[in-house]
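A, B, C, D, E, F, G and H label the chains in the order they appear, each numbered from 1.
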């Protein structure tokens, strides 16, 4: 049995692990982590160019947009308008229309503002963007986002950068069951088993940044995450054994001497 | 950074996943699962030959002892004497002295009888066996077993065949911290993330049977487990990020338009 | 140290446990459960009177509105308009303006429709109602509901009637930390420890129905819940001990013989 | 339905909460906590009298042995012989034969040494003691201890003083199912819900020290624990509702306007 | 004349008031609330409010609910 | 004349185009996007787009982010 | 003469060796282990080991197990 | 003469009984237990039990403990 590939807005991906490009010691380390993770998509931020320091290294010189799908995000945007403005600049800069939308509520929780997020999604779809949406695990809003035409639903496992894993597996499961577009857990993964758990719930992929960038050895953790996502996906497709209250021997009872 | 291989009683293994050979629909399915799992060691039971049905398939014709290290177990033994008798026959049949000891307490829980298990370990070591011991997660007994000369400590994650995962991560962690021989979680793994969790605790390997054999698709689950064990191991070696109570942005706050 | 009482919209309550009045075998059993729970508030539904069967028992004949604060809910309403219409009838029927709003999304999950819920809250507050709102555990919407003038925020622990306990303690904690009106976990409690956990997070109260009504012995479970809510509240106020990775003796090390 | 009282070695107790007397700021605080907990049994240590400081306060002057059953423990003993010697002195000092045995393995984990614990139990029973035994959650050893004549089995929830709650509910449940003497979770409780969880598993009681003594407000936490134990006990006796994967409405679907 | 009560057609005589209707249906006025053609009829006006042909009446009360 | 670039005031000579500006700032046009007074300037029009006194210019590029 | 194999009574002729027995039972000697009256018979001695009346024989092999 | 109490050397006069010792140490006999050379001295025999040179005495009481 072979798994069908991940398809987002018509693009086919063999990797189900998307990684961020923030918080790494260097872009060089970032590039090695991306390679170890087997990632095909990397999220990137849009910021003002540095006019004072010309020699500052550029992301594109380490992670070649020819080899990685750049997924511009709107991290740091707290209104639909800021997010849309940011993504229009991103589209101009990179020429891509596949984007990651996040409209945040406050600096302390970075929890998505779902009303603004839905509004921004509608406007961006209208404007021709293919929108992957960072969202809460509210299954009702997940449905609205899909109705609004987003190409991927990306509910948080737990707060951005918290590493607390999937807090509410029930909601993630409900979203997976009802969605026709890919569901990708975004934010909250802290270690490999967290990523496996997310995939075992039936998610189509996982997006993470801090879990790799802030690991003791980011390159090795990137590889761990690659395997964890495959493990969780295959376990979901294989179908796990039933849990039992008591023991059940694995060796035959017959033929004992 | 490259992981050192798993060394048990001087033998070097590149795989950290040991699988059982019970409960499969056929030996042929079993063999394909072993291959998908990348297993180098398989546990086997010792039973009376079938005198009536000569054409009954033989395990050795599907899993070649030249390609897999056969690890004879004592499943079904409830006394030290039965276990020792069984393993002596196994040694004669296969010519191997690396064995898996389990001395069980009762049919309902298959929980190890630690007093008998320790006694059997001492006698088997005395008799020249290299003993891998299925045991409870009692760190005190784990120490005694190591003092008695066992070559691997194999605490249960949860009851054999229950699929309830690692019930007591604290005890497993304590055993890992104190042990100089490999610690391999034996029994209890239900799905991929359970195996990853066990490895993230610092275990040297995982042994499982039902989780693969009773999965909807055993071959695919075997592959899932292979990746899960690698994922958990690498995550342990890499060192996970710290958990945080609040959010922590992955994109720079500076340079926002 | 004495706990301050629960104050909702100016009304003072000594009990922090609110119970529903659905699913009981009889209203008589319901009344005994309410007494065992020490409840001061009971939620009630508004439905068409039964014109055919005049002898059908009436709730008010078993749970006297003079002894219990009736909290009319909008269970079964899937739009703001239905909810408002229902609560206006409730106000006319009972003369009370303290109400429980729930605007649901679908029959399968009964998850709150937060956009409609916020809209209904604004209209009801405008109309002079004191609104206690069943909501998701989205901290952003919780803030909006408080800004809209609701008198209590009632996030779900898990799906109504599921008995899965508090799925996302992090979000509940965030809501508690930010709210100036009482936070009452509504829905999801399955057994006593679930209620204690909710209160230990700092919630001001718990609302439940199924956990009591569908217990083997509803009266006894009602009493269990009364104690669980007090236990969780006092533990929260007392402040729990720190968790430790290793042991810490309770008896003095000095003076051993 | 009324719960039958807790009976230990023929003595009848209405409280199911046993508390320790260590780690309190003062014996006076200790006494107030014992009262708030509604405890009838308190564990005490046996130590050399202080010959230098005559004015040192005495436990018996604050917790009157006439009002509380003193349960002498063997905390700090790492061999059966030390434990037996300590309890013989305790019996002489107090004239009581109901004792708490603990034979520990090492200072870091204070994990029970089960082989020595069983040996000590046999000798103490032989010597006429009524032995309540602190033990691991190994169901096989729990059975042996009962066969040896102990009057109560007291498995650890987690390491002494760790506050990590019940780590292995499956084993505790197995011990409860098989035991004819009271099963009392000893050690590991950190907050109220932990105690409720232990009782919901069917335990006959809970013994704790640090969770109360090291709480911010020990007196209030003692009261919280009193309620938590009652809550968990009643929930166990009442029988909890079934868990459901989806929602289940509490209000009637019929009669909607 | 014909009116609808709680979704069911009913035949009643001319000139009945809401109060009369409640009485006919043996409903205690203080335990119910009534909507007439989507607008609430205050209990204080039950007596003076006359029913007209084609009225849609909703009569509700409190029942057990979560 | 005076313009604002990324929030900072800059003094530049008359008649410069966006393209000239990028050149002056040593920025590779294909790695940036430019907003002029809140509306995007397509890269294809960099050369013909002349800067005016008081223009507010935003110049952005991709940086690492989660 | 009568012997017991794996708990079942068997009638065999005089003077058979363990080796002969395995052959009769069509068992490959290298895939089995044999116990005679509770003590193991080394494979190397199959041929010279003669069975006696009343012997209790256990013949085992490896089967799938966890 | 010399005895050891709770691990510490003590000089006491000849012929003292356990009871006398407790009195000297201002210890209430009913709140303590005493071991003499590893064997328990029943409280009932405190008075008649005379201390000998070199005795090892342990005197214990109850203290707070978990």
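As a working rule, a contact is a pair of C-beta atoms (placed from the backbone, for glycine too) under 8 Å apart; a residue touches a chain by one contact, two chains touch by 3 or more.
Please read these numbers as outputs of a predicted model, since none were measured by experiment.
Participant: Scan A-F, C-H or C-E for the interface that duplicates B-F, counting it as a duplicate when over half of the contact pairs agree by residue number.
Facilitator: Most of the contact pairs in B-F are shared with C-H.
Participant: Looking at CA centres, what chain is most distant from chain B?
Facilitator: Farthest chain from chain B, going by C-alpha centroids: E.
Participant: I'd like the Å distance between the centres of chain D and chain H, where a centre is the mean of that chain's Cα atoms.
Facilitator: 33
Participant: Report the inter-chain centroid distance for chain F and chain G in whole angstrom, where each centroid is the mean of the CA atoms.
Facilitator: Here the centre of chain G sits 93 Å away from the centre of chain F.
Participant: Quick one: report the Å distance separating chain D from chain E, using the average Cα coordinate of each chain.
Facilitator: Between these chains, centre-to-centre, one finds 63 Å.
Participant: Quick check: how many Å separate the C-alpha centres of chain A and chain C?
Facilitator: Chain centroid spacing, chain A to chain C, equals 35 Å.
Participant: When you check chain B against every other chain, which residues touch at least two of them?
Facilitator: If we look for residues of chain B contacting two or more partner chains, we find 20, 22-23, 45-48, 73, 75, 85, 89, 109, 111, 159-162, 164, 209-210, 249-252, 255, 257.
Participant: Residues of chain F that contact two or more other chains, please.
Facilitator: Correct list: 6, 35, 58, 60, 63-66.
Participant: Given the complex with chain C, which residues does chain E contribute to the contact?
Facilitator: 5-8, 25-27, 31-35, 38, 40, 42-43, 58-66
Participant: Which positions of chain A touch chain B when the two form their complex?
Facilitator: These residues of chain A touch chain B: 1, 20, 22-23, 45-48, 50, 73, 75-76, 82, 85-86, 89, 107-111, 159-164, 190-193, 195-197, 200, 209-211, 213-221, 223-228, 230-235, 237-257.
Participant: Which residues of chain D touch chain E once you look at their complex with the stated criterion?
Facilitator: 249-252, 255, 257
Participant: Could you pull out which chain E residues touch chain D in their complex?
Facilitator: 6, 35, 58, 60, 63-66
Participant: Across the complex, what residues on chain C touch chain A?
Facilitator: Against chain A, chain C makes touches at 105-106, 109, 111-115, 136-141, 143-144, 158-159, 162, 164, 167-171, 174.
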